[in-house]
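Here is the structure we will look at, set down as structure tokens.
Order as written gives the chain letters A, B, C, D and E; numbering starts at 1 within each chain.
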Amino acid sequence: MLVNCVAYQRGEKLSDIPVSEIRANLGRPDCFVWVALKDAEASELAALQEEFGLHELAIEDAQKGHQRPKMDEYGSSLFIVMHLIEYHGSELQTGEVAVFVGPQYVISARRDAQLGFAEVRRRCEQEPELLQHGPAYVLYALMDTVVDRYFPVLDALTEEIEEIEGRIFAGQTTRAQIEALYSLKRKLMTLDHATVPLIEVAGKLHGGRVPPICAGLHDYFRDVYDHLLRLKQSIDNLRDMVATAISVNLSLITIQENEVTKRLAAYAGLVAVPTMIAGVYGMNFAHMPELQWRYGYPVALASMALIDVYLVYRFKKAGWL
Amino acid sequence: MLVNCVAYQRGEKLSDIPVSEIRANLGRPDCFVWVALKDAEASELAALQEEFGLHELAIEDAQKGHQRPKMDEYGSSLFIVMHLIEYHGSELQTGEVAVFVGPQYVISARRDAQLGFAEVRRRCEQEPELLQHGPAYVLYALMDTVVDRYFPVLDALTEEIEEIEGRIFAGQTTRAQIEALYSLKRKLMTLDHATVPLIEVAGKLHGGRVPPICAGLHDYFRDVYDHLLRLKQSIDNLRDMVATAISVNLSLITIQENEVTKRLAAYAGLVAVPTMIAGVYGMNFAHMPELQWRYGYPVALASMALIDVYLVYRFKKAGWL
Amino acid sequence: MLVNCVAYQRGEKLSDIPVSEIRANLGRPDCFVWVALKDAEASELAALQEEFGLHELAIEDAQKGHQRPKMDEYGSSLFIVMHLIEYHGSELQTGEVAVFVGPQYVISARRDAQLGFAEVRRRCEQEPELLQHGPAYVLYALMDTVVDRYFPVLDALTEEIEEIEGRIFAGQTTRAQIEALYSLKRKLMTLDHATVPLIEVAGKLHGGRVPPICAGLHDYFRDVYDHLLRLKQSIDNLRDMVATAISVNLSLITIQENEVTKRLAAYAGLVAVPTMIAGVYGMNFAHMPELQWRYGYPVALASMALIDVYLVYRFKKAGWL
Amino acid sequence: MLVNCVAYQRGEKLSDIPVSEIRANLGRPDCFVWVALKDAEASELAALQEEFGLHELAIEDAQKGHQRPKMDEYGSSLFIVMHLIEYHGSELQTGEVAVFVGPQYVISARRDAQLGFAEVRRRCEQEPELLQHGPAYVLYALMDTVVDRYFPVLDALTEEIEEIEGRIFAGQTTRAQIEALYSLKRKLMTLDHATVPLIEVAGKLHGGRVPPICAGLHDYFRDVYDHLLRLKQSIDNLRDMVATAISVNLSLITIQENEVTKRLAAYAGLVAVPTMIAGVYGMNFAHMPELQWRYGYPVALASMALIDVYLVYRFKKAGWL
Amino acid sequence: MLVNCVAYQRGEKLSDIPVSEIRANLGRPDCFVWVALKDAEASELAALQEEFGLHELAIEDAQKGHQRPKMDEYGSSLFIVMHLIEYHGSELQTGEVAVFVGPQYVISARRDAQLGFAEVRRRCEQEPELLQHGPAYVLYALMDTVVDRYFPVLDALTEEIEEIEGRIFAGQTTRAQIEALYSLKRKLMTLDHATVPLIEVAGKLHGGRVPPICAGLHDYFRDVYDHLLRLKQSIDNLRDMVATAISVNLSLITIQENEVTKRLAAYAGLVAVPTMIAGVYGMNFAHMPELQWRYGYPVALASMALIDVYLVYRFKKAGWL
């Protein structure tokens, strides 16, 4: 689905144009076209391919989706894939955006993602002195936005682990906690796989041999690169904490088992000792003076009770009950 | 066994030819021969070795099999080994294909694998404008197909772990689950060992000093390279999840043990308490008024039952039963 | 908040100046201005940006905070971010200082940290022959101080783990110990994240292509680099020891459980055996000679006691009690 | 002990010669001497050192043994150390062979290893067209043989782990299995330490700056290199599987414990319930009608038996017995 | 404390000289001074600094101690720090030696270590043809000695782990064993931290851009480098074995717990079954023919004993007792 197709000249918006008029617009000096697609169909991509001479393999990748974030150079143009991560309920959903950047065009084809880039376009149009840099600046603006949107996801995951930690150390070492840690690990992986390959992409855009089309925007792409590094470090942290939490949890479960065993033993003791005493007075010896005592029975019951009271006191002191 | 031997000129199929006529055909301009072998015998390889001047060490490798995926350059020709992975029942079977690529020939020798490459040949013959690139394009087509066939295997393994996870979190932490995780780990290793060395091969074919015979197909081999990276990342994911699943499983087993202990203790309590009461009324004191009561016995039984009912209620509330 | 703004000429302090007179001072030969800010407001940074022509992205980073330690080169000037780590109670708090270094200025903007750099300025002013090196020397002095302040934190963490180890091996394998190890791991991460990216920064300042502004201070930055490496190694040590302590702790907990099980079993034995004997003499056989004995009852009690004494002796010898 | 000392010319064996005639033989064109030593004594090495001008540090290494596999270049000559791994009973024994290679000589000094290299010499002498390449070809032949002898060791270790796995999953999670895994890990380490440094050596002999003496044998050393990589990968596999087996084994042990606990509890139940019933009928109430019944006693016994039969049935169904 | 100060000319010892005559001696051709210090005081270092023009940062490092092993180049002179590891009782103690090497001097300043380098000096003086190489050769001799002294420490640690393994597999899985493993891990770390950074130092002294002062000693430093690599590999081995031993130990502890549980259950059974039988004959049924039998009582006792004998037999066979 075509979302937008706008021509810009020297950073200023000219007008919304239909795809068929793209070629006419490209003739003007310092002009470029910015096309936005959503869940593009094969025919739409084919039309653009013909219009801009896009490479067949890039088109194929954009159409099939499920790519790893990457940057491919085809001659003087670039093809970039980034992941878009959104929360659907408590699960993460990975969409992707494929961006084609050439000297006179930039095409963003979003797939499987709710949130679009209308806001990016609006901000760019408000800063024509920056948009003058051309398609590469649009690429930067898109990358910056994509990466910025990873941070709230990271924050949510950070909160999640803190909550799980809280419950674990409060003694709730149940299946639910373990399942939550496991699922958290999965989500971190999703975020990690969006981030790590993109670091490589951002690295190629600001250091070493920068593709000519991005020359001059060095500082901007380095900024994106820094953000990605920060993100990566936080993700690694969280992964490490999840792994530690899993192993710590096992220790806590074992401690808990230990405590349960002790409590059970204490209760067993409270029953076993009176049983033994009762057994003694159930013996059939002919000469058992206590049996004849007037208050033998209540004394026996009382002594059972007393011993249990004493045991409860001892067990409580030892922390078993 | 010789599967095919076909001569091509400028991307067009000339004809099926016997091995003995290869030399005659190589004289024509822009012509190359594509030979496909299956479980080749020593004599067949020897014949081709003489025909094309293949290096002895390459022939040895192709014959012995059990190679690691690799690419060796011998002068202007290439020798490439790739693993072919197929499901035999629930187990993975590793076959391999050795590909010799020279300026006028491409030979693929498949071994221990059911599925052949007839379909690749068919597709190539339908696109003569691409097949014009010569033997290197055939190499690309073969590599692309081999790599594409890894994905369904990966998908099956992904499904396998999801199924195991499901069973684990449903509380089925039995030997069978552990054995399944262990076997999954093995299969992931098989896939990993097919993939990782091939990444290196694909890397050498699209970046840095590309072997001259593959020059100009840079974008195609990069595409294979991207697919392999994606595969690698997914494999790493799965390995990580398997490791986590094993450690999480241990926690769940320990929790389960805990639960069993508690349930057993509950049942023990249900038996021990009545036993104690019975013990008390089994004592032989001369003066035990209850013993003389008309309804002493039923009251005793009833109190035992009541206490057990109360205990069951408490245990259920505490989640022990 | 502006803390200081001082002009220096050939390493000697000229005078405290208001921000508005900066430009006038920069005209003098061999003169530079050293500005210190604390929790700077947007307006203060904006004023300095205009005065010194600082890059917008650097200003943005300094203002937003929460950066990863890094060094960005903007033309001939540098922008450096370092973490400041302070103890707040038993928790670590991460602040940061952003340093802008240009040919004629050095600006340090501290954020979320109590301890300032007045002491650095004092020491620098006492060594005018070193301060002659200009803004880059101030950068060195700041870096050196920041890094030196990491060492007491490291020492505190080292003490913490030694204390935990002591308690663990003394048999106190409780929740508190596990929680302490977990929290220690977190703190080590905080320190690690301050250190590792800074190693990269210090590396760029003493080896390979050193930014021109820092040329000639090679030996000084290498010294900082060495300190950071030492720090890194100690942190890695501690992390490794924490991981080992967690796994060792699990073994100790399991051993403890084992011991508890044995002690419980011993106590159970002390109750069960007399109960059995009592049961025997509670049997109703018509011919049980012991029952008629004059001292049958005391003998029975004594034998119970004797057996228990013997069991206690055996259990103690076996280390169960 | 001197094993052999033979002079070769243009790949053809001239004759066995005594050490004293070496110098005379080296005068001939295209001639080289191949000396084989076993557990060489200091005096023998000293004699050769003088004859060929070997470097003192190399001689020292060959004499002391216990070196890491390595290659040292001394001017135009090479000194190579490789590990020889043999089974002594069920343990691995590491010997080593030091090879000195110069323009006109190759000396192999084997130490602590049964199996020699007579067979290598025989094969070389049968292929004079290859032996013409001179000492470097002998080095290749030795390396190839050493590496080929690692494979049967690897196969034995692979079998060992499969056997252990079999026993583990068959429920035999005993000390013996754990000890076997531990010992397997040790053996893998031995093999790993023979392999990994040799990869580096083989790498230097086929890629980058190849020592001049080995120039032209590039393809042969790459073949050795490929074998070593394959070996390395298999070793890594096995190590990974051993680690996984250890952790999986712990899970299985815990499951086993769980099962034992349940079986014990079942047996306890079979005893406890009749005991409780007996307790009830041991009570001394005046009015207990059952006690007067003609068949009260057999009915009581029968009900005990019946309950136990029922319990056995339930426990079996629940998988506890 | 000054240990020695000796002037050498062309490898021959001239004489012991006081510090004050150093300058005079340096005037002679091919002459250098070798100074040895122990726990040097600030004043001593200051005197030497002035004499030889040592860099301030190097002096600071030598004085403060607690450095990481490293090599710093200051112009044409080198500053090297190495760790000295000695056993104090069963603990490892880390001292260090700082070595300043210049064209005409070598200064070794040892700190916190008992064992000195007098023996190195003696050996060097006996080989004047080697000592002719000048200060760099002394550096080599010192490094070689320091590294050689690591090996006995490594051997002691190897023995330690073998002893622990022996005890663990003999079933002594107690706290003491775990504490020993933990402490061993610490010691390995100490050795590792002495070794790893020194590998880097030795690497810089024999490959790539070698500091001019060490040129020509390439083979000697490579020898040290090889020793360090061997050491590193052995340390890594031991670390790996310690980690495996810890995890294996946990399995053994759990198995042991399992065995204890079974033994306890067996004993419980031996008590519970007679108790049940006694309970049965303690029932008060009016018609219990056995009770009237002449030998009812002894038969009951005998049957209890028989059943227990049978149980003991069964338990022994099942390996529970």
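Throughout what follows, a contact is a pair of C-beta atoms (placed from the backbone, for glycine too) under 8 Å apart; a residue touches a chain by one contact, two chains touch by 3 or more.
What you see is a predicted model; the values in this text were computed from it and never measured.
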Checklist outcome for this item: Going from chain B to chain D via touching chains takes a minimum number of steps equal to 1
Checklist entry - Between chain A and chain D, what is the gap in Å from one C-alpha centre to the other? => result 42
Checklist outcome for this item: Chain centres from averaged Cα atoms put chain A and chain C apart, in whole Å, by 26
Checklist outcome for this item: Within chain D, the set of residues that touch 2 or more other chains is 247, 250, 254, 257, 261, 268, 272, 275, 279, 282-284, 288
Next on the checklist: Chains as vertices, touching pairs as edges: which of line, ring, star, complete or other describes this one?
Outcome noted: ring
Next on the checklist: If the ring is traversed from chain A in the direction of chain B, what sequence of chains comes out?
Outcome noted: A, B, D, E, C
Next on the checklist: Considering only the defined contacts, which chain B positions touch chain A in the complex?
Outcome noted: 165, 169, 171, 219-220, 222-223, 226, 229-230, 233, 237, 240-241, 244-245, 247-248, 250-252, 254-255, 257-258, 261-262, 265, 268-269, 272-273, 275-276, 279-280, 282-288
Item to check | chain B-touching residues of chain A, taken from the complex the two chains share | outcome: 55, 57, 61, 67-68, 70, 72, 74, 173-175, 178-179, 181-182, 185-186, 189, 193, 197, 243, 246-247, 249-250, 253-254, 256-257, 260-261, 264, 267-268, 271-272, 274-275, 278-279, 281-284, 288, 290-297, 300-301, 304
